[in-house]
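First chain written, first letter: the chains are A, B, C and D, and each begins at residue 1.
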Amino acid sequence: MSKIRLGVLGGGGDSLIGVLHRVASNMYDRYEIVGGVFNPNYDENIKFAKQIGVNTDRIYVDFDTLVEEELKKPANERIEVVSVLTPNFLHYPMAKKLLENGFNVICEKPLTTSFSEAKELEALQKKNNAIFAVTYTYTGYPMVRHMKHLIAEGALGEIHKVDIQYYQGWINPVVHDKEVRKKVWRLDPTKAGISSCIGDIGTHAFQMAEYLTGMEVSSLLSDLNTLYDDNPLDIDGTVLIRFGNKAKGVIRASQIATGEENNLAVAIYGRNGGFRWEQENPNFLYFLKDDEPRRVIKPGNAYVSKVAADGTKLPGGHPEGIFDAMGNIYKGVAKALRGETSFNGEYPTMNDGVRGMLFIEKVVESHKKGNVWLPMINQ
Amino acid sequence: MSKIRLGVLGGGGDSLIGVLHRVASNMYDRYEIVGGVFNPNYDENIKFAKQIGVNTDRIYVDFDTLVEEELKKPANERIEVVSVLTPNFLHYPMAKKLLENGFNVICEKPLTTSFSEAKELEALQKKNNAIFAVTYTYTGYPMVRHMKHLIAEGALGEIHKVDIQYYQGWINPVVHDKEVRKKVWRLDPTKAGISSCIGDIGTHAFQMAEYLTGMEVSSLLSDLNTLYDDNPLDIDGTVLIRFGNKAKGVIRASQIATGEENNLAVAIYGRNGGFRWEQENPNFLYFLKDDEPRRVIKPGNAYVSKVAADGTKLPGGHPEGIFDAMGNIYKGVAKALRGETSFNGEYPTMNDGVRGMLFIEKVVESHKKGNVWLPMINQ
Amino acid sequence: MSKIRLGVLGGGGDSLIGVLHRVASNMYDRYEIVGGVFNPNYDENIKFAKQIGVNTDRIYVDFDTLVEEELKKPANERIEVVSVLTPNFLHYPMAKKLLENGFNVICEKPLTTSFSEAKELEALQKKNNAIFAVTYTYTGYPMVRHMKHLIAEGALGEIHKVDIQYYQGWINPVVHDKEVRKKVWRLDPTKAGISSCIGDIGTHAFQMAEYLTGMEVSSLLSDLNTLYDDNPLDIDGTVLIRFGNKAKGVIRASQIATGEENNLAVAIYGRNGGFRWEQENPNFLYFLKDDEPRRVIKPGNAYVSKVAADGTKLPGGHPEGIFDAMGNIYKGVAKALRGETSFNGEYPTMNDGVRGMLFIEKVVESHKKGNVWLPMINQ
Amino acid sequence: MSKIRLGVLGGGGDSLIGVLHRVASNMYDRYEIVGGVFNPNYDENIKFAKQIGVNTDRIYVDFDTLVEEELKKPANERIEVVSVLTPNFLHYPMAKKLLENGFNVICEKPLTTSFSEAKELEALQKKNNAIFAVTYTYTGYPMVRHMKHLIAEGALGEIHKVDIQYYQGWINPVVHDKEVRKKVWRLDPTKAGISSCIGDIGTHAFQMAEYLTGMEVSSLLSDLNTLYDDNPLDIDGTVLIRFGNKAKGVIRASQIATGEENNLAVAIYGRNGGFRWEQENPNFLYFLKDDEPRRVIKPGNAYVSKVAADGTKLPGGHPEGIFDAMGNIYKGVAKALRGETSFNGEYPTMNDGVRGMLFIEKVVESHKKGNVWLPMINQ
């Protein structure tokens, strides 16, 4: 079994996302980084390749050269899948060209900067039947996967209520001073697009809602907060959601929840039970029932599903973390690339990326129109 | 210092609310139950009085007799304050007559069955300058009071986000069967009024929001869920709220959050920090700051405010609970009755009751009108 | 059903233990405080009686007068049970005289100041067949009772390991300065007896071990810490314990666990499962099994035993606390006094008090003899 | 900066420890696995090397060949450090030969099977001035390192009490049946040495005690439990410990704490404060003070020490886990190998290994001699 030939775009230097993907790709010994463009500066690019021990033969001067040169190689030597870790606005053109040239892609979220771009990529991917993952990292946690699995199995029965929270506080220290605020790329529409909070973390909450329940949000109504009139982007928002059935829900996201670090929290309730989970304590999954003691489900135990076990490397009580979550997504992509059996949801797909872009646009539109209901239809 | 002469309406037999108020009134040795009408059946009434050791001389055959007979007594023997623990629809007529006849009142929530009734009571109370408490019990917890105190002192700076949750699951087992559902008084509009979930617990969340922040909700937009078309009352709902300033928020309430017991949870964030608190762990208050370790504040410690200390009877680590919370409200009323110095918010007032009724009506109206913004103005 | 005529010794003025017992005795409407000696100063005594609303007719000038005068009354008017809340050294003479004169007793812990005194009281109690409770308060928590019940039913199977911790930090601020230390009664052997930490809180841990498991500690070995050579009393200690079977265990107590408030924590493991419980979060009981998710058991739910339900007044999620725990002990004594059916362990008995005194003496002896094993035999 | 040439002994196939070390060595891009003997079976060895993408040129038929062949290579190509992941009894002979031949070593714990072997290795290491790490993984957690750092800085002042717990339950299902028990290598003295529980996990607790406090245990007294007379090895034990000053403590370890997974828990108290930490929630460090709210310290925040920051790759709220902890140990060894500045305790050293072996021997000896005090002197 040969290793998968992985190319990487971006993620050089001190990039945190670079570390996360690199360690993740190594976790199950299934990938080898064989080339890429880590940095727009070629010298830095080469230097970084040496630093992380990647052969510099296939470190290219730029993205276009990478595609061109790799296509010259025989298929069994060519980069099989490319991780796109570049700034958000580059996801679309890079993914597009990669798909057009037959590469598989692992793309950071958000997929693109607009829904229409996302739809275009989706069409291309379907046409080429490429493997395409969008790295909503949190779905890689074993307890998230176990939750999805149990919900699909009917553990909650018909779902009635979906409440997903994603609270951070990091923008609070930088948002109140007008001059400071201008220098934060997340708050600059030319760099961050039409949304800050919803675009960055609200989408995670939304994707988690659909990923876990297997249901699609059918309509939404949002209320956003920019705090200051001359701050163009939302830094806080609440989104009412409805599914096509009885179920309703709410997505709450904030970057001004002062003192919160990365508080993604899930609460889903159905006729037969409920689940609660928090990302900052990812190895504790709470299962609630009407009249039974609540259960604390933890990975590494014999009682968890194969789905969860597949993403856990050590016995119970040896806490794995977010690197391991991303590692599981890479593992899922590896299985797909090698045609191995996998389970539903082993990696977040193009569809997650497309839905995420639609969500951002509809949330912003709903708010602008005066907090009205809008349908969430993929077209 | 003589004890306060307390009369009680309702709360006889196995009534849970009766136990709560009785124990609470005893907690600081400031009240003596001298009479009342515990039960509409006179024999039961007398039997119960004997059971709890109340002299039967002033156990009356009905409410009207109580008022009539007590008024015959000299002021220094007359019942000073009456606890109204009867079914919701009786709160208004009883409180009205009590106020008209110069009694002070401790009334269970909801204050009335409509906002207009509540306004009427408010006018009467102002006219008579009566002491009137509405027992939103959770405000009696020392950590809730400490939170209010610290917020008033500026611990959070300008408030940006208010998120209050009140999740229960108890209606789930009884809501799905049409015949069972019919027998649940909470789901019967003739008994429960226009709302189940918002009316019973959403109001607690709303009152907590205003109580803690000292700000008034200026407008709201709600989305309710009845699950079944022929279920006339909401059993779940989310309410977007706005204050008159930058702050926005959300109130989330559910009676179908399967497996939840009584999960009232507070999260308030401001420019200088945040607070988190959960009713099921009432002695742990979390104080968050931008870049400091979060602090776990607990009652009974020298570092807490006088406001919190006043409501704590034992040293740190000796957990007091909900009886003690209600006891603190009774203590607050006692101070008011005796003209003692107290702090802001020592007991929930007529205004809390009135605002609560307005909230219920506006939430239901917003939902019915298609989830639109409505102002929250007390008139 | 008439109320039980309760007399109270001590607990006047600002006494915390006085509040605790008074509220507890009121909780289930079964007692009426009819007399007592709250304070050695008669004027204070009378003043306090008025303050708490007790008729002063039976407020006596001193303890001997109380006994003398009460004996003159007919049995159906006489004080039935006396709560002894006086300083520790008075427990023995008062309890002795009360037992000799046919009174039932509720005595604060420690029962006496020596094992031999305790044995004497035990003999008297057996002779007179009196009801005698020793208020190890923590056994009144519903989850503690439920744990005892489940263990007795075999939920853990054969017990292998018992680990009880009681950590406080309050002596840390007063122990390091020699002059300050001298003024702390707990550290003065003439007032506190032969032990500080073990005598005050170690006994609670020990009693909890025997109460929960239904097994007796058969031998122990201790290591104590006084920190300073001229501090005569232990302020920290660890005690190895053995039961008469396979089970071993450890009791850990400290008053210099800086920053700890009242951290009594239970861990008991058997062949079929384990329990964990912490006093500062008394409504959460954790049940562990070999390969099942751990369960979080909470009071007020239909799934808990009658034993637990009997000590819970409100539905799940309405946290009751330490006043309620003591209230349950009073309830247990009330049942015993009225000959009602009760369950095993409804109140801590004379035997708990006697064993507690033996424990203190043996722990101190073991340490003094060089940390050697000593048998724990009641004679 | 070239990668460190790492050799690996053991850890092939499905070995969990193999995955842990492999991922850890990759985490900071500082190592390259260039050779080793993963498996005693050569075919498996080669197969595994291919599977994990290691060039098979330096995959050797056995350990002796590895040493022999590597020594033939020029120093700048030779394996620089060897990870010893073989069964415990092979640690000593392999580490010995490696040291004798100038290799640096990363050795799994326990270092050897006896204290005398450990002393021998220590002498060799000192003589050769080799880098030698013993992988007590838990010291790699950022919050453990931060705790050590703060203690060294005086955050707790003089330490009074050290209480370390390591509870697991995994032996419970296999210990009660005599035939099953025989097949468990941990319970077989010929494979596991003189101790099961203390040897495997008690040493972790002991090492944590010395690592965190910077103090040496000067004497100990133990009580062990085998549950069955014909079970030769301890599966539970409590160890009283003393340091050379006022401080006392206790180490508690169990493999029959039914339902516990990997519950290593630290409690250290000093004159100025206390720390509490649990391995299963490794990103939450609790700092206690006499009269201040306790603080919850978390990694990735600006307020943590450089020591903690150095071992954290992502911002606050992105939980890293045990792989990251081991990665930090590898990072520490890398710094040492490259002569970079590091902090005290960046990797557990030979001394930790030696002390660990002494601890095991003294604990078993103390128990056998009747639970007596024994000095803990390294000779």
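Definition applied: a contact is a pair of C-beta atoms (placed from the backbone, for glycine too) under 8 Å apart; a residue touches a chain by one contact, two chains touch by 3 or more.
Not measured: the values here are computed from a predicted model.
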Centroid comparison with chain C (C-alpha atoms), farthest chain: A
Which of C-D and B-D has more C-beta pairs touching across its chains: C-D
Centroid distance [mean C-alpha coordinates] between chain D and chain B, Å: 55
For chain C paired with chain D, centre-to-centre distance based on mean C-alpha positions, whole Å: 43
Numbers and ranges of chain B residues touching at least 2 other chains: 260, 287, 291-292, 294, 298, 301
Chain B-facing residues of chain D, complex: 287, 291-298, 301-303
List of chain D residues in touch with chain A within their complex: 1, 3, 16, 19-20, 22-23, 26-27, 29, 32, 50-53, 168, 170, 260-263, 279-283, 298, 300-301, 313-324
Chain A residues within the chain B interface of the complex: 156, 160-161, 163, 167, 169, 172-173, 176, 221, 223, 225, 227, 236, 238, 240, 242, 246, 248, 250, 252, 254, 256-260, 267, 269-274, 287-291, 294, 371, 373
